[in-house]
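Below: one structure in structure tokens.
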Amino acid sequence: MHDPVWSCIVSTGQTWTVGVTGATGYAGGEVCRLLAGHPYLRLAGVHANSSAGRRLGELQPHLLPYADLEVQPSAPEDLAGYDVVVLALPHGESAAVAAQLSPDTLVVDCGADHRLEDPAAWTRWYGSEHAGSWPYGLPELPGQRERLAGARRIAVPGCYPTSVTLALAPALAAGLVGPDVVVVAASGTSGAGKAAKPHLLGSEVMGSVSAYGVGGVHRHTPEMVQNLSRAAGSPVTVSFTPTLVPMSRGILATCSAPLSAGTDEAAVRAVYEKAYADEPFVHLLPEGQWPTTAQVLGANTVALQVAVDPDAGRLVVVAAVDNLTKGTGGAAVQCANLALGLPETTGLPLVGVAP
Amino acid sequence: MHDPVWSCIVSTGQTWTVGVTGATGYAGGEVCRLLAGHPYLRLAGVHANSSAGRRLGELQPHLLPYADLEVQPSAPEDLAGYDVVVLALPHGESAAVAAQLSPDTLVVDCGADHRLEDPAAWTRWYGSEHAGSWPYGLPELPGQRERLAGARRIAVPGCYPTSVTLALAPALAAGLVGPDVVVVAASGTSGAGKAAKPHLLGSEVMGSVSAYGVGGVHRHTPEMVQNLSRAAGSPVTVSFTPTLVPMSRGILATCSAPLSAGTDEAAVRAVYEKAYADEPFVHLLPEGQWPTTAQVLGANTVALQVAVDPDAGRLVVVAAVDNLTKGTGGAAVQCANLALGLPETTGLPLVGVAP
Amino acid sequence: MHDPVWSCIVSTGQTWTVGVTGATGYAGGEVCRLLAGHPYLRLAGVHANSSAGRRLGELQPHLLPYADLEVQPSAPEDLAGYDVVVLALPHGESAAVAAQLSPDTLVVDCGADHRLEDPAAWTRWYGSEHAGSWPYGLPELPGQRERLAGARRIAVPGCYPTSVTLALAPALAAGLVGPDVVVVAASGTSGAGKAAKPHLLGSEVMGSVSAYGVGGVHRHTPEMVQNLSRAAGSPVTVSFTPTLVPMSRGILATCSAPLSAGTDEAAVRAVYEKAYADEPFVHLLPEGQWPTTAQVLGANTVALQVAVDPDAGRLVVVAAVDNLTKGTGGAAVQCANLALGLPETTGLPLVGVAP
Amino acid sequence: MHDPVWSCIVSTGQTWTVGVTGATGYAGGEVCRLLAGHPYLRLAGVHANSSAGRRLGELQPHLLPYADLEVQPSAPEDLAGYDVVVLALPHGESAAVAAQLSPDTLVVDCGADHRLEDPAAWTRWYGSEHAGSWPYGLPELPGQRERLAGARRIAVPGCYPTSVTLALAPALAAGLVGPDVVVVAASGTSGAGKAAKPHLLGSEVMGSVSAYGVGGVHRHTPEMVQNLSRAAGSPVTVSFTPTLVPMSRGILATCSAPLSAGTDEAAVRAVYEKAYADEPFVHLLPEGQWPTTAQVLGANTVALQVAVDPDAGRLVVVAAVDNLTKGTGGAAVQCANLALGLPETTGLPLVGVAP
């Protein structure tokens, strides 16, 4: 029987050292949290641009076992010597750092710099010159797991694209739907980062939902278009609206696309069941049960459900992920496991912290 | 200058008595709250099915000025003698009660029973025989304010249809968009009512977002289809997905439809500015500002914003309302004001309780 | 019958202009919100230190009726000409401004500058020289209402001292308890202000409770000691611990003191019932019902309950207030009503926005 | 170096089967969650009174790896055959079940039935006859770890007593404070269980704080009195007020007691540093840092801080725990580890899920 829960007891005796840069932010902190439970990857150093010299405990109070680590500077030379380097830097800052790291080092980039394959798309959305694409860290895509095995450079997907791609790629690949994709996603506030901005104050976000980046201007849009167009085998459009909801973590993506002629719910379920039958982290829920972000809180899992709306003529797929775990830090560990030849689920929580 | 803030000081000397049935629920409680600040409508009695004989304060602790009112039974004969009766009953229970109330009494129904015009639609969605439609309590629709003046039967719209209709009706009426409407709406939990169900426990909903009623099965769908088809002058489809977010009150509706050829953002803004220029409760926000549910919390206002996404070829309109105020109880008071010849804004908060 | 709900319809025909400085912060915004529903006090100008020239709507999105007001500078000369000036400035900044305003202007200070009577206490806690005390804006204290009638300078109490003083003053005045007071209060985050600090981000405060200012170092402590010692007629000590809880508004203060010999619950209830029998804003709840901050959200009310613990030998009193309404902005309006000779409840919500 | 993070890689090859009864509730669900990450304890069956025959996934959606387990009945005979049985039943129901389990089975009771040593105290607070006390599952108390090694019956402490005992026992034991203890604790709503009650609805608890069980009537009080009196070596009184705050998990206990003559903060810190120097799960934070419940969310850790208030003459200690992890389910696993001779930290998260 496939029993991912128990995979962590396979001991190889070998460990790898990991350096995390951007460790004082939310994505970097999540990587550190997961490493605390990983048997073979050992957090050996934390780095950050602006907090060098401080105790990590001041900046990440939950990382109690690592509280006394001193934050190191984050120049490329400070990152030498680790077996694995995780980059959790602002978008656009990874490429310059990565370029100076040894090709033998496994570099896992949580930023956007190496996700897009089309240099023109990068330049349109980020304004600078593209640094080139890396193997894309979504092992659940067809053929992708193989590309990540042994890789030394990996681009972790964005949190929204992870949820949206897993939600719609099977239907598009199977021709069950047409290319007019509409996505509205609710995200917890940690997705907006740790920089103190007035609209992200607790007083502002509690009891409130808001939209932002409306009208197709969110930078995760081209990544979704890339992934879904590849799945469909032809161009799709994505109308993407992110909303901010009063919780710290989690994304619920509501994704829809026009039904192809003759698509019914049984056909859809069959396609999704097949697509994710062997995936340890992707769960198509039983009929009648809908995803909640609580059920995946802090876990590397994705909960999915599908519905066909014959009146509106659309397939609706809802996906829940934790933006910091499967959406970022957990995906980074999952990809590192693959790259290093470890069981893919090693050290990754499969159960959300609920209620 | 149009100054709705000050309208409440016009004293007529006359007052009307109001009886609220279903006063122990969320919608009924909201009507009571608003009446506490209304100069001409006086809460004269509270009624409920199952709590008759108890103090209102036990069941609605926030209604401190009314805490000692005894809850009365809710048979039609118990509701006789009021100038105004507000029905805040479960869907399907209003019609039988209303049928026995005097035609001279102003009856404002917060339930669904009299909203749909098509008897077949009622029977499809609610299973019973339709009791007939009443004047629809959304004064912001063209010509609707006039129909409500002097009315003695009014059907208050559903909370989702209020937000969605105000969001898209102008664009559909002006031909700016086509009929393939997609709506994903986030709602606070009070929209699910006060019956104690496990999935509505605080422990379950805090820190979590979930979808429900997916695939076109939510009962507010035919009401949206009715309103938007009327606005468009031809049938529209609505793919509607409601989601539950961790807050008590508020709806944020993200609505989109395919752009008609040649529609740009300037054209859209011009249409919306014109549609709502004289509406005291509907605010098209300045460019760059997006609605939040916090800004309308407890207020009878709607905040709107529009965006054109040329890549995806869709217009996106986001609307924020408080589901209990403009979405239900405030709309009931607004309509009662109109029916009784009072200034429409009388007693209605225009400012949300924020932060 | 005493019917505070209806007091707002007594029209005098006269209005007063109000200028609010610090209008872009949470306390100032709350004053503006309440003025929007006040029939005689008219918001005539908004001022702030750093945002002069911007639209109020950018900074306070909920103040929709005032969105187009331009924020004015906040030097003393900018505040001339109003009938009433409300100061909602950081602690220590009010005194210098107030000193230059006309003695005929009603000045209501929401800051701490003029609350403490003992200059030494001021200097110990704030470091500067004391500017002198003003009539203390807690009309519910014995004799205080009379001192506020006709006053032209009023010091609005701190939010914590309001809740704690109303909770314990009657028991101390009646000799029911001894002087070893212990208070632990839970506050919503708006009490910490609108300045963007990392620990106040939504991501940090949602799902979390924390203590701060522990060990008697919170600046509201001397104000509580002042009020409770006066009530007791002899010195009391106050062990005060504030905690931050995941909500925007509200304070729940749990206050205890050692029972005097022979004190039982009946005696306590009798004292509190008498103390607050005629107070429109203070509600001793029926036995068995405990205060919630939700029931006073956005209202100028205080909910109280008492319990005697014979095992521990302490009286416990729990008080709920909205820190921004009765705790600050509502108290400012209440005091202005008194000072101007208006009915005390004019324009003040008596019903919380719940659920 | 003491490195609890790595303890999980010591593989013994042996595993134990665990049956959890009450697995559909919050405490039972937490035990299941933790077992999913435990290398030697294997969840072999789930039981519950009322849900027998249903899939666990319907009732505990986050337990995705166990979703297809069928819930078994919960009579004593249904619980035979496991190496370990965890009882997560309502208070008062454990004793009858436990009495019929084999003395060789390790029985860990998350209920109150076997916590109190004084039969009279049990009868006063629970009304029935006492079933006798079991070894008390708080290994951090002096000598307690030794009592738990090899035990086959263990009473897991209550969540409030865990936080309060760890907060004050060292000071009482060292004579730093006197016996008049005052505790106000904020708890997330999961502490109130999963039964659907109206006052626990999300709509009621979000944005609201309330007190309950005020006046010394909460059933955890005698357990605190027992523990703290034992620590002090003489009777203490505990004024305990629990409050409900808008989050799912976590307890923040603010505990104070009168300072003994001559106690200063340095003396207090020295005592606490010594008391918890070797404890893997108890963290005295560095000076200036205060506990938050977020930092221990889902972790088996306790965060503590101390402060001396010379004006009020009290020591204040603040403790944060997750009521379901270190407060219940994590403590159960910790105790099982000890009883079975496993490293105490095996399978227990040391890092909270933050932000």
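Labels A, B, C and D are assigned to the chains in the order they are written; within every chain, residues are numbered from 1.
The rule we apply is simple: a contact is a pair of C-beta atoms (placed from the backbone, for glycine too) under 8 Å apart; a residue touches a chain by one contact, two chains touch by 3 or more.
Being a predicted model, the structure only gives us computed values, none of them experimental.
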Inter-copy rotation, subunit A to subunit C, in degrees (Cα atoms; steps of 5): 180
Mean-CA-position distance for subunit D and subunit B (Å): 45
Intercentroid distance (Cα basis), subunit D paired with subunit C, Å: 38
Centroid distance [mean C-alpha coordinates] between subunit D and subunit A, Å: 34
Where subunit A touches two or more other chains, by residue: 26, 190, 194, 201, 203-204, 206-207, 246-249, 292, 294-295, 297, 354-355
Chain contact graph, described as a line, ring, star, complete graph or other shape: complete
Complex contact set, residues of subunit C against subunit D: 180-182, 184, 186, 201, 203-204, 206-212, 214-216, 221, 237-241, 243, 245-250, 252, 254, 256, 258, 290-295, 297, 305, 307-314, 316, 318, 320, 354-355
Interface residues, subunit C side, partner subunit B - complex: 4-6, 8-9, 11, 26, 29, 32-33, 36-37, 39, 42, 55, 57-58, 60-65, 67, 190, 194, 206-207, 248-249, 283, 285-286, 289, 292, 294-299, 301, 303, 349-355
Of subunit B, residues touching subunit D in the complex: 26, 188-190, 192, 194, 196-198, 200-207, 246-248
